[in-house]
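Structures for review follow.
What follows is chain A paired twice: with chain B in the first complex and chain C in the second.
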Partner chain A sequence: MFSRAARSWVLRTTGGGLGTRGTHSPGGSARSQGKMAPYYTNHYAQRSYPMPDEPYCTELTAEQQALKEKEKGSWAQLSQEEKVALYRLQFRESFAEMNRRSSEWKTVMGCVFFFIGLTGLLIWWQRVYVFPEKPVTLTDERKAQQLQRLLDMKSNPVQGLASRWDYERKEWKK
Partner chain B sequence: MLPLARNARLQVRSNQQTMKRASDFHDKYGNAILASGSIFCITVWTYTATQVGIEWNLSPVGRVTLKEWRDQ
Partner chain C sequence: MASGALAKPQMRGLLAKRLRFHIVGAFIVAVGVACAYKFGVAEQRKKAYADFYRNYDSMKDFEEMRRAGIFQSTK
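Up next, the complex of A and B:
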């Protein structure tokens, strides 16, 4: 209640200058030219802000004005199309429309994968130009020899490396 | 029964309106961006991980054949 009063006070006093939204295409007859209120105080309806202060359409044709006059009477006399038209004057989108799914995640994930791929290229470059010489102990031959030595020493025989080696058959345990 | 039918008609009308919504950037290009991004990522990383000479030092268990180390 208080915040709504504060908002309309802000509207009246701040006057000039468009808000941060800039030219984010209001579409149709959204805002009359005279009212240069900041957008953030008078957003389109959203799930978190379903009842904005201002209706979506403020510049009404004669036909629409006649409809607004009719709205002041009993709503039972309004036809279905008239009710929908009044809703469309008041709100930009229905809840179904504003809550619709989008394909934005595809663009997002595609760009995520692209940058991860770029990272891979970066690491390739690093391997070529930054990494030091590979130590001789990491060649396949030396690693095979180290493995034999570890098994000869029976390193980690309980749960580790040597426990995985079958000493009778001289092969890895299945 | 009657209010239900009325709601159904409203729903149908809004469905028609949502289906006519203009497709945005993500509808038009989202699939292509997702596909090309993932293919690029997979290709680059497969190549980098296997062909470039990076030592992953994977476990020898089940993989490495032994070689005698003692100098005789």
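Up next, the complex of A and C:
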């Protein structure tokens, strides 16, 4: 159930323009710059979906309609401003605008650190109130006896523990 | 759009260029890591073992351990 909901959400926000547009807005689907459309009713161009089916503006003023008529002719006769205007009619953002970086990483890192800190507090509480007594084998005296026994039986004498112990001088090798 | 001064970007062979760069790089990194491991780890270890066993007297070693009292089968 959860994966189905997640999949439909993914479809809506990324590439599912064809399906969602039909159900949410049966009339004109694209919005011009003035209206604040719900974000999911018309998905705009993204890096992964650079050519959406519907242009950004469908309600054109007379001037814009004249420009669209002019576009049907040779494009060499269009001036630079007209080309940019046509681009803006077709797309909401340029590639540079849509790929702009954001400050989201700060929020993410902040939340990460916050939850790490919270976890630290929980673990501290757990250590005080939940954990049982430490076994006697973890006292310093017992640990020293265990280490002495390891050195006596020459454990890992080639590259490991006993190789670091100087048996003549009874101390660790420098 | 003829008024800009940008150079024409590379239009073809983008994947080939990327692949070549990464294949060469991966090869170099793999060979480098292998050499580093061979000389840093494998040869070192072989030398350590050779040095240890060159003048190793197992009976002397055994006597030392026995005197330390770790065996159950003998004192």
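One rule holds in what follows: the second predicted complex is superposed on the first by the 118 of 174 C-alpha atoms of A that agree within 3 Å, B and C clash if a C-alpha of one lies under 4 Å from a C-alpha of the other, contacts with A are read in each partner's own complex, and residues count from 1 in each chain.
Note that in this section contacts are C-beta pairs under 8 Å (C-beta built on N, C-alpha and C of every residue); 3 or more make two chains touch, one makes a residue touch a chain.
Please read these numbers as outputs of a predicted model, since none were measured by experiment.
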Chain B versus chain C as contact partner of A:W172, first or second or both or neither: first
First (chain B), second (chain C), both or neither touched by A:S94: first
Touched chain A residues, chain B compared with chain C: B
Touching partner for A:K154 - first (chain B), second (chain C), both, neither: second
First, second, both or neither for A:E104, with chain B first and chain C second: first
First, second, both or neither for A:A85, with chain B first and chain C second: neither
Chain C-contacting residues of chain A that also contact chain B: 80, 149
Chain A - residues contacting chain B, complex: 80, 84, 94, 96-97, 100, 102-107, 109-114, 116-118, 120-121, 123-124, 127-128, 134, 138, 140-141, 143-149, 151, 161, 164, 172
Touching residues (chain side chain C, partner chain A) in the complex: 1, 3, 45, 48-49, 52, 61, 64-65, 68-70
For the chain A and chain C complex, residues of the former touching the latter: 80, 83, 149, 152-154, 157-159, 163, 167
Parts of chain B lying in touch with chain A, wherever the complex brings them together: 6, 9-11, 13-15, 17-18, 21, 24-27, 29-38, 40-41, 43-45, 47-48, 52-55, 57, 60-62, 64-69
